[in-house]
Amino acid sequence: MTDRGLFLGRFQPMHLGHLAVLQRLARQHDEVLVGIGSANVSHTRMNPFTGGERVEMVHEALREAGVSNALVLPIPDIGRNTLWVSHVESLVPRFRVLYTNNPLPARLFRERGHEVAPAPFHEREVYSGTRIREMMTEGDEWMDLLPPAVVRVLRECKGVQRLRDVATPDGAVEGFDPTV
Amino acid sequence: MTDRGLFLGRFQPMHLGHLAVLQRLARQHDEVLVGIGSANVSHTRMNPFTGGERVEMVHEALREAGVSNALVLPIPDIGRNTLWVSHVESLVPRFRVLYTNNPLPARLFRERGHEVAPAPFHEREVYSGTRIREMMTEGDEWMDLLPPAVVRVLRECKGVQRLRDVATPDGAVEGFDPTV
Amino acid sequence: MTDRGLFLGRFQPMHLGHLAVLQRLARQHDEVLVGIGSANVSHTRMNPFTGGERVEMVHEALREAGVSNALVLPIPDIGRNTLWVSHVESLVPRFRVLYTNNPLPARLFRERGHEVAPAPFHEREVYSGTRIREMMTEGDEWMDLLPPAVVRVLRECKGVQRLRDVATPDGAVEGFDPTV
Amino acid sequence: MTDRGLFLGRFQPMHLGHLAVLQRLARQHDEVLVGIGSANVSHTRMNPFTGGERVEMVHEALREAGVSNALVLPIPDIGRNTLWVSHVESLVPRFRVLYTNNPLPARLFRERGHEVAPAPFHEREVYSGTRIREMMTEGDEWMDLLPPAVVRVLRECKGVQRLRDVATPDGAVEGFDPTV
Amino acid sequence: MTDRGLFLGRFQPMHLGHLAVLQRLARQHDEVLVGIGSANVSHTRMNPFTGGERVEMVHEALREAGVSNALVLPIPDIGRNTLWVSHVESLVPRFRVLYTNNPLPARLFRERGHEVAPAPFHEREVYSGTRIREMMTEGDEWMDLLPPAVVRVLRECKGVQRLRDVATPDGAVEGFDPTV
Amino acid sequence: MTDRGLFLGRFQPMHLGHLAVLQRLARQHDEVLVGIGSANVSHTRMNPFTGGERVEMVHEALREAGVSNALVLPIPDIGRNTLWVSHVESLVPRFRVLYTNNPLPARLFRERGHEVAPAPFHEREVYSGTRIREMMTEGDEWMDLLPPAVVRVLRECKGVQRLRDVATPDGAVEGFDPTV
């Protein structure tokens, strides 16, 4: 059977830290499954880009880097921790190991009998989604931290302008209040 | 085709600032659509009144003010920014312009090709839902800030007492904890 | 008709304060209904244990204490305050009084015409779910605050270890971000 | 307090039978609330038109007929009979009587203590949504059965063409199967 | 650890066939868990009674029969087969065997590694929920097929009258159509 | 910008008819997006296989056939026709044309301004999911109708046995009734 590793991330946006991990996992497995988490969430300060935009970012960056044994799959949130592992299992091909550094996904997958390993990141303080979104909002130099393909997708979907619009204090549709 | 403008607000509660905007839009369009946002949310500190109570407030205040070319429509939250514009479109008659001062709705409607204009408010620091809810909670004089019809609806549904009950720190049904 | 009292709590975890209240209500009514609130929520810092684990804790502790006229029933959240009372009514046998010290459930049930009475707790600062979860996380002595049956269930489901895992700052599946 | 009657219907599409009932109720009450049921459903053989299109049909037809004391309100389905009455109550102003000829809504509202009266229809075999949709699909003469305003809305939204498209045997998005 | 068997049924209504099975399982296990399936569904021809009414029926009938080692637990539908086993697991105490005669639940639980055994029914053609609901609708003699406690609950909640109301051809709230 | 075509299907299971269409579209576009519709549905007679199993079938069959410019993406149902196009758009990379032979998706995408073209199938009576599922249930010879990679996935997930289990008349979890 095909040996697959599953990596889960939000990729808001995809950066060179992600790319390095995925390249490494692609060498260690027959195939890498890349789950785009919270694929239903977008247009918020923490999650500015849509699931489809992030699928496009990751897919294009992997192709640009010559990684041909990866599948990029959107995973919407399910809103209930006890169902989340079954939810992920039902949307992706069978896999042998989950890679994550986050204790909650690790615990949930382990409670269901899955093998879980840490994701081999380095320089996490440099390649950090939170930091990159702040640089985008502030107008700092962020392009060197992303694969060129991702910079191109962001330009085409006017992503940085959207992030600035939604990064205002009142940027929430629910609870929106045009007048207070 | 009828020329319609859409105004979206939470109306927690409806105040004289809302009324002035709606009167102005009613003069500029054949018809004004008034969307009551977060119509499914109630009994919280930020959203004390039900969708139905707010429909009643706005409808009665407009009738009292002699505005006869307005439709008041409850809009429940949809919980997903990429679907929200389609959701609103599917619940209200066709319209030409959305009026809002909130950057997120403005952005979402513009991304879908809608014309968006700022809502012509004035004295926003005086006529503010947040401020009025605080005055109601504290027992300050708030009635002069609302249309008389709204004061009447609030009295009939015992709205101020409800606001005080839910404005306590533990006022959340989910995550409710009678004993901690 | 059977005279029933309904007590609602989250039981994260069940402690001796809960047990004392339930024993007292069991003497005052033909039957006590024990609603396990937020039964769908688990693996979070405030709600570490699943609905099923909490049903088991409460049921075993009541049996251990010799209370035989209680029904323990999981109540998932409904996410909408105006529907919550109908939701609870539709899942439990008919009852005469709701016991709660939380103003929001009290108000919601009273608005629907139910009799509501305060839950007869004492020493709430000692027997407090929040305090017990902190003691569990910190490694303090917490076992004396719980019925022995609950300590046993927690040991079998490795509950304290789970609480420590999810009590980390990034412990949320939605919005999870293995890499940031 | 304003005396209101609530009429619930799907209005797929609004026809002269609906109009006659609403005109009569408008004379009997200070105000008529017109709930557009299944407002979230559209593009099916039984429910071809969107909630917003139906709000527009009913509102325009009532204005054309000179009825000025009606509110037209979209009511999405809730998918759970025990919650449905609370759901309707939470979206519309307070009312005194529900008018319906359907036994299930009648029973649900009566179980919650509401007054329910039959809707005063006549010639139901002539003015029937099912029959009118069939006539539209088959190309028969249907325009005389609808208020002129509704015919205009249908023409503008190309409603009859849509009905014919979705009235094919495989017309369901879920379970859609382009290839079988 | 307590040895528990789980029995799942809809109990529309509970009858003597259910009771005989539960009595037998209560002798074979330390504890029987009785899951009330589709607990969210009611007021339909196939599911006339609410989850709470069915909890009450089963609990009262078991008490009447002297079965004291059973827990009755409402299980709402989840609407997705791949999540259903995790959903049930998250709402009930731990169990060793599932009893069911229905191939789909059997398959779903087996795919997740659970032990599944057939439910030891006899005379299924006599003690059949479908048949009993038909007898109730038609006015035939059905009381001898139910435990006396269930007959009492049905009388108190006017269950047979409700069944007759909803058993009409148009008895569905969604897709309700007062006028056609 | 990359020129992409989107093909939507349920792939229950993937067969040689699908493969021929996808090969053809892969030659006509820079990239083919393959949306696995109803990805949340499984274990039913019409939808026996999970979204993940179908992603695996399609991905493996395309790799086996040497198609390297395709992305396979699970698309859960959204349950509301007016939101479905926005839902699909939010989960997949940008595309230029939708290929479908089903009138409802075609209409929904056209109403939102998308280009829609027919899917170039041939021999639809031979390569038909419905027919293949019947052959699997009946034990007829079906393997020649599928790509070898799909036959292998089906064998590994014991797919044919599952289909036979769920193809029984009572195979529905909701509304399940072990005893009737």
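In this document, chain identifiers A, B, C, D, E and F correspond to the written order of the chains, with residue numbering beginning at 1 in each.
Quick note on the criterion: a residue touches a chain if its C-beta (ideal position, glycine included) is under 8 Å from a C-beta of that chain, and two chains touch if they have at least 3 such contacts.
Worth saying up front: this structure is predicted, and the values here are computed from it rather than measured.
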item: Touching both subunit D and subunit E (chains); value: C, F
item: Same-site or different-site touching of subunit A by its copy subunit F, using the half cut; value: same
item: Candidate from A-F, A-E or D-E with the same interface as C-D, over half of contact pairs in common; value: A-E
item: Separation of mean Cα positions, subunit B and subunit A [Å, integer]; value: 35
item: For subunit C paired with subunit F, centre-to-centre distance based on mean C-alpha positions, whole Å; value: 44
item: Multi-partner residues of subunit E (each touching 2 or more other chains); value: 40-42, 50, 80, 82, 89-90
item: Chain pairs that touch, as defined at the top of this document; value: A-B, A-C, A-E, A-F, B-C, B-D, B-F, C-D, C-E, D-E, D-F, E-F
item: Subunit F residues touching subunit B - in the complex, by the definition given at the top; value: 78, 80, 82-83, 85-87, 89-90
item: Touching residues on subunit C, where the partner in the complex is subunit B; value: 7-10, 12, 17-18, 21, 37-38, 41, 46-47, 77, 79-82, 84, 99-108, 111, 119, 121, 124, 127-131
item: Footprint of subunit D on subunit B - complex, ascending; value: 1-2, 39-40, 42, 50-53, 55-56, 59-60, 68, 71-74, 76, 89-94, 156-157
item: Complex interface listing, subunit C residues touching subunit A; value: 40-44, 50, 162, 165-166, 168, 170-180
